[in-house]
């Protein structure tokens, strides 16, 4: 795509996109490390994830400020405008994804007797799927690729399917082993958080599509 | 910064001083030129006035005439003053006047008053027949010889007579308003400028009526309607050249064409006016075209966009805005035409014309020609009259220009 | 290219394959567009793209340029303005124009407005003429500012007022279409805003076409926008679509500032 005649405009957009990429990276890491803390029971790692969420919040404020400034000063039109609006909304969504990862990390230390939990093996797979969605949707954003965005949206079905099966699993486990209810409940919440992360990644994908093409993706079975 | 910017070096400031010095020199030169021109103009005006003031006066003799003893009558119901004068003449008024002069001025007094002096009495009596019942003192023009003697020249034997009469208060130079109402004559005492003045007015009128509409229309057509091609370029060059042609050539043209068409109207204002119109028209066309070109196209666009037809655009918008410029050109052209002598001489306006022209087809002369003719006269008395005539010409020019400038200022608009 | 945007039955003006030549040089290349009655249409594009030339073809002002030649079909209410017997003077009364630099006549304010109705004979008697002058000045939003000085010269007004005077002058002949050729480029932002508000008020009563250099102005003022480039009309659509999601690459490059 050609450069703007006013180079500073290009620099502004590049900075904005850079902020989003940074946020995306942080969110991805947060999810992975939260999952790891969950599986290994590493309390220190969990604390680190919680602390690092502040960085994500700070970046979101920066994205807001940058987007507003660019709109005021550059009067963006067409795809520039869509991209900036998308970046603004994506920043908010990534911040919420980070919050969910933080929530998972908070719950991780509370789970006892993890070796015994059979459902515990499913959850990392779900987490990986969700993390993969976040990673790919940010790649789609960087490449302005609507096709990849659509593909990420379709993957959400799998995450939802995972959630359904884990839910059933945990419930029957709780019924059979009432002593594990509190830990199992925590795991339920964790699973739900991952499912929400998947939904948010879908939101980001929709906005990436909108920024690239000008319309939202339609008729995708969700 | 170790180096000063180029505009802050001492070399720059030295150059700056030189530039201001050049500025001052130029202003002084301009001022000098203006002062020089004004000085020349003042010199001209002052010397003309001083020479010409005398021309508005003439030597007059006071002669009392007693009508009581003479039985002259003016019949009532006469058509005009001229017929009254004729009846008085036939009744012998000239003799009465000559007799009164002999009485008042001494021996030979009849020769001391002008040959036509009795007409002054006759005109006053014709205007006021009651004078025939009284004795009145009349101011009569002195004869040419006496006037010359009074001026200190001419016949030696008349000079003491003139001195004596002057000492008695009977002979003096008096303001002569008749100069402006009489026409050409052989006697400088009797001469007047009105004939030439009226001739100039009529000729100028003909020139204006012909040159202005034709010139303005030509300028409008060439600027607004004519297509730009080789023909219009040729026309433009031709008109520019016409404006530079020596005026005597137009006289030849007038002689060859106009007099051939109207052979009876030699020295008529109509022919003179037509000749001068040919000469003035190119000037009006050139200044008209420039004035029209100067009207901004935005005004034309604005008028056309409203739905004005081309004729309406020209007459409602272009012409009013171009009029000041056109009038300037007209002033220049008419002023030049007023002072032209050569072409009018060629078409015959050089004859001695004793009566003012009655209309456009009567023989006439114009002010510059009259001045030329008088300056040729041997008679001493004509010198002052010539200068006086020049003053009249200048005043006429001023009035004409003043009128045009007034009109131009009225039409002056800002755009 | 004509996109079927007309929601009304008959557009006010319609052009098909209009090209304008100055001698051998082609300034406008085969433009087909419908000008609606109810909306403001904006022409945008870089300098020299032919938008002003095309605008001037709509009221035959190109006729004043000797070397100009117009091909194609331009219709006003279905009647060809070049080929039919339509009188050009009447056309210009029906299709008015406001120029880039305000050009009031060097006459009084009253005379400026009254000139058009007078030459077209739209008023019988002074009372009617006065009424037309007042109505036009009111519609142009200028009445309150000048009602006490109608005899003052039109050129004594400020730039923004002069332009509103020119708009009032155009309105006075009761046109059906008003063409505006960059009407605000010589004005400051406040005067510009007043004119834009005026355009908004006039919308619906007159079909308005505005040529503008400023994309923001086109975005603010118009409902339809056409993008011109090198004499061709590249894209024509609803203003909101053109500025949020244009279809053509060239349009996008121009409005996002990637052109040149």
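Note that the chains take the letters A, B and C in the order they are written out, and that residue 1 is the start of every chain.
Here is the rule we go by: a contact is a pair of C-beta atoms (placed from the backbone, for glycine too) under 8 Å apart; a residue touches a chain by one contact, two chains touch by 3 or more.
Here the structure is a predicted model, which means the values were calculated and not measured.
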| item | value |
| --- | --- |
| Set of chains adjacent to chain A and to chain B | C |
| Chain of greatest Cα-centre distance to chain A | B |
| Chain ID, smallest distance between chain and overall C-alpha centroids | C |
| Maximum inter-chain contact count - chain pair | B-C |
| Rounded Å distance, chain A centre to chain B centre (Cα mean) | 104 |
| Inter-centroid spacing, chain C versus chain A (mean Cα positions, whole Å) | 52 |
| Euclidean distance of C-alpha centroids - chain B vs chain C, Å | 57 |
| Multi-chain contact sites of chain A, meaning residues that touch two or more partners | none |
| Complex contact set, residues of chain A against chain C | 1-6, 9, 75-82, 214-215 |
| Touching residues (chain side chain C, partner chain A) in the complex | 215-216, 219, 243-246, 251-253, 255-260 |
| Chain B - residues contacting chain C, complex | 227-228, 296, 298-309, 312, 316-317, 321, 413-415 |
| Contacting residues of chain C [partner chain B, same complex] | 59, 61, 64, 66, 89-93, 96-97, 99, 101, 103-107, 115-116, 119-120, 153, 155, 166, 169-170, 173 |
